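Shared between the two complexes below is chain A, which pairs with chain B and chain C, respectively.
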Partner chain A sequence: MILLLGPAGLLLLVVFAAPLLHYAWLSNHADSVVTGLEPVLNHGANWIRLLQDQRFWQDATQTLRFALVSVGVELLLALAIALLLDQRWRGRGAVRAIALIPWALPTTVMALGWRWIFNTPYGPLDQLAHALGWPSLNLLANPAITWIATVVGDVWKTTPFAALILLAGLQTIPGDLYEALRLEGGSSWVCFRRITLPLLRPYLALALLFRLAQAFGVFDLIQVMTGGGPASSTESLALYAYLNAMRFLDFGYSATVVSGSFLLLLGLCLGGWLLSLGLSRPQRQQEV
Partner chain B sequence: MSLRLSNIGRRAGQQWILRHLELTVSDGECLALVGPSGCGKSTTLRLIAGLDPADEGSIELGERDVTRLPAVQRRIGMVFQSYALFPHLSVADNLDLGLKIRGIAIQERRRRVSDVLERMRLQERAAHKPAQLSGGQRQRVALARALLRDPLIYLMDEPMSNLDAQLREDLRPELRQLVLRDQKPVLYVTHDQHEAMAMADRIAVLHQGRLEQIGTPSELYRDPVSLFVATFIGRPQINLLHTDSSSVLGVRPEALQLQADGLPCRLTHLEWLGASQLWYLDSPQGTLRMVLAADRRVPETIRVGWRPQDELRFDAVSGRRHR
Partner chain C sequence: MPHQRRLWIVLLLAWSLGPLLWQLYTSFCSDQALVAPLAATPERWTLAHYRAVLNSQPPFWRYLLNSLFVGTSSTLLTLVIALPAAYALTRLKPWIARPARLLLLAAALFPYVLLFLALLEVARSLHLGNNLLALSIPYAALSQPLAILLLTAAFRDLPLDLEDAARLEGMGLWQRLRWVLIPLIAPATTSTAILVFLFSWNEYPIALTWISDASLLTLPVAMARIAGSSIYSVPYGAYAAATVLGSIPLVLLVLVFQKSIVSGLTSGAVKG
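On to the complex of A and B.
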């Protein structure tokens, strides 16, 4: 039996554990043009630099903000869409297929599209503002709000994926549960709160997990839409790690950024897990 | 009369899936609805419960016209085929939810739930989730929920079809006793005619959305109005002999007897039923099924006949009984 797990274990080792360990090792080495692109042990100097690196912490905050807002909005939208697509109505099949298009588009293509929509002064949004006599929106050049534009792009792209997971969850709920509650006098809201939401919880958790992990590692959308700007206000950790390696050719420090991001995400997951344990325990007692 | 259906009809698109249904069930009476799949028996329950609207006719429940009332105002105690228990709630919470929604005070709810748990012998299971229960226990929880509704009528949609044969037999008297204690009408849907005969005071046979016949089990057995009822009620199935082109002759396997001037037959197969035995016979009229006492030996030559009063004659085209 154990042997049967071998291939899967090997795969995980090669694609997951090995790179992780390699980066952990590299994060303790200087490896840049200065060292002739050879790793030289520097005893944690990278990590001290990371702790003092304001850009890293600013990017971490920005990445977290982007991930939480984007995934939050997305799940709410996805839930609404899934509930709608779960109803029977004419043309539902076609709409289901159309709803998946944003998710099927390559990120670079859709990110270019959004960059054009937000373009100043030629994009349609700016044109509209102009027609209404408003000042230019400047959505991609204002450090205070440009991150919201990237959230819009991300929500548009990934909501279908979350909706698909939630729709699959909705379809596992037997219809006679709702009928049984209707006979007892349950309104639509009561049915949603007492049946749909609790039975959808594992699917919500799954969508949340998938999407948070993806959003935390966002790279391509930001790179294409804003390149991390303006004034690195939209820069994500993945983008910062990429810049360190590919622009500054500092592979050692880039590995430290990657490892640091990994530890942050791990801490975040642990925190979320402990929080969910704490939240679900009193509820369980209440049920008995 | 506590339930009266008058000229009830239900359409699916252009097609009637149930039509001209007339039924009455009195307090403390159990009526079984039987028929093949798609005959409209579950549809009937759903119309009475208010889960689907009737497209025609009226439904009276406890001297009140409920045809246009929403489901909740009809006070229905329904047991679903799947039991429809809430998988994320404990047994006690499953039972409590309906009371809670109807705004009953917490002390009253606790009292009622613990009463019904005791009555159904489920006290030990109060904190368990439905997935942790046996099939029989789940069925009892579903029934307990219906009892808590304090309903005007009980509707049961194949409540035993998910249980194994032994348990089903054991539960029949118990179920009957539990629901009839309230002196409320019970409408019981099943496709198992044995179950229908065991549970019900009267049986209604539905066929292609029409009421074929309604009566006591023995009326349906002895005096079927049509070929369909004759073949649907009674196992082993009635023998059908095509004597001439205009009519079909039916004789129950139990009514066949060995007699010297009967049809010459050859035994092809014998099934041992314990208290009796079932013979499959090859006759000039086709295959015959015959039930005999268990101790009867197979004679050298088999000649089979029946008494004229045991003959049931049906029209070959319409299937109606010739009187």
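On to the complex of A and C.
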């Protein structure tokens, strides 16, 4: 029986475990044009460089900001969409299918689409601003606000996924519960607060966890939409690792950046888990 | 209430389709019309962008075929490996199956982009670069966690008596899988296959680093190449035409298989 797991296990070892070990090893080696692209042990020099690398920490905060804002907005929108799709109305199936389309398209396809939409001065947003007599928004050239444009692109693409998970959760809630509370005179808001939100919590947690991890590794969208710019104000950790390897040909340091990002993500997950544990325990006792 | 709901539905549709419709509109606009949308231009509508995209070297349909090939081979490879593994997970003792499932969940959550550098070195040392078939190895591997979790949930729903009956009939393990169990979980297999296909069709960082030959590019990389050709003068008209052509297969796929997609994603959430 265990033999049946063999091929899958092997594949997972090769693609998940081996790379992580390889990173741990390579992150302690210099491997760049300077060393003739041969790994040379450098005893943690990469890690010291990483700790002092302002660009790495800037990218880390930017990635975190992107992930938190994008996932937060996305979950709110997804909840609204799920509540809408959970009701019964004609044409619901068709609308659900259409709402899925953004999620199914390759990120790179629409990343450039967004670049056109946010284009200054020819994109529709800037033309709208112009028609209203406003100054140009300059969304993709102003380092202070370009990240918001990347958040819009990400929210558009990934909200359907979160909405479907929440919809699945909504459909497990028995309708009698609502009726019982209604009979007691509860308004829709009370129903939402007392029934929907508590019962939806595991699904919210799942969507949150899944989307946060994916948003933390954001790469396609940013590489194509802004290239990390302007002035690396939208650069993410994954993009920085990519640039180190493919543009600066510094594979050793790139591996260090990846390992550092991985450790940050691990710490983040641990922190989030402890936080959710602390938050959910007293409440669960109440429910029982 | 219905009025309010109608407003929300319209907003949802506008939000989902708006950016795509803008691409559609752009793809038919002549360059002059794009630069000066309000001014009167002699030639407003054009098919020039579509002609440019379809006549370029290599022609656009080539990327679609490449993506189709990679998507199909990855999906087949994933299922061949994931089906037995998922079955095994439902029959193994809990002390193996539980940690295995947790590991799979962790792997499913992992942002795989971080793996690209090590995978690139694998491709280099094994000479797997510029080979579309080889691309399905990392894709199948990255799809395993989700595929196994979805298929395990489906196998678990089958009654055990059924397999016992088949065993009493004298069917071996492979026969039971082939003739009894796998046909019964066909719906779950379909959803898994579509999700894996979508992932492989859309995957970007690995395809970007493994493939450099222009005639072998998959659709997402080919799209990004257009963007990378110059930061300042992206040919938006031609690009919009490419977006439209590249989106049509996926839009059709979603519309045809939406039930499978939804049930795949949601059963993953409910049971996983």
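In this section, the second predicted complex is superposed on the first by the 271 of 288 C-alpha atoms of A that agree within 3 Å, B and C clash if a C-alpha of one lies under 4 Å from a C-alpha of the other, contacts with A are read in each partner's own complex, and residues count from 1 in each chain.
Please note the rule applied: contacts are C-beta pairs under 8 Å (C-beta built on N, C-alpha and C of every residue); 3 or more make two chains touch, one makes a residue touch a chain.
These numbers were taken from a predicted model, which means no experiment stands behind them.
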Clash-or-fit label for the pair chain B, chain C on chain A: fit
Chain B or chain C, by number of chain A residues touched: C
Touching partner for A:Val95 - first (chain B), second (chain C), both, neither: second
Partner chain in contact with A:Leu199 - chain B first, chain C second, else both or neither: first
Partner chain in contact with A:Pro230 - chain B first, chain C second, else both or neither: neither
Superposition-derived angle with apex at the Cα centre of chain A and sides reaching chain B and chain C, degrees in steps of 10: 80
Chain B versus chain C as contact partner of A:Gly272, first or second or both or neither: neither
First (chain B), second (chain C), both or neither touched by A:Tyr242: second
Touched partner set for A:Pro39, first chain B, second chain C, both or neither: neither
Which of chain B and chain C A:Gly72 touches, first, second, both or neither: neither
Minimum C-alpha separation between chain B and chain C after superposing on chain A, in Å: 15
Of chain A, residues touching chain C in the complex: 1-2, 4-5, 7-9, 11-12, 14-16, 18-20, 22-23, 80-81, 84, 87, 89, 93, 95-102, 104-117, 119, 122, 124, 127, 156, 160-161, 164-165, 167-169, 171-172, 203, 206-207, 209-210, 213-214, 216-220, 223-224, 227, 238, 241-242, 245-246, 251, 254-255, 258, 261-262, 265
Chain A residues within the chain B interface of the complex: 174, 176-177, 179-186, 190, 194-195, 198-199, 287-288
Complex contact set, residues of chain B against chain A: 49-51, 71-72, 76, 78, 80-82, 84, 86-90, 92-93, 97-98, 101-102, 127, 145, 149
In the complex with chain A, residue positions of chain C that touch it: 2, 5, 8-9, 12-13, 15-17, 19-20, 22-23, 26, 34-35, 37-38, 81-82, 84-85, 87-89, 91-92, 96, 100, 107-122, 137-138, 140-142, 144-145, 148, 198, 201-202, 204-205, 209, 219-221, 223-224, 226-228, 231, 234, 236, 239-240, 243, 246-247, 250-251, 253-255, 258, 261-262, 265-267, 269-270
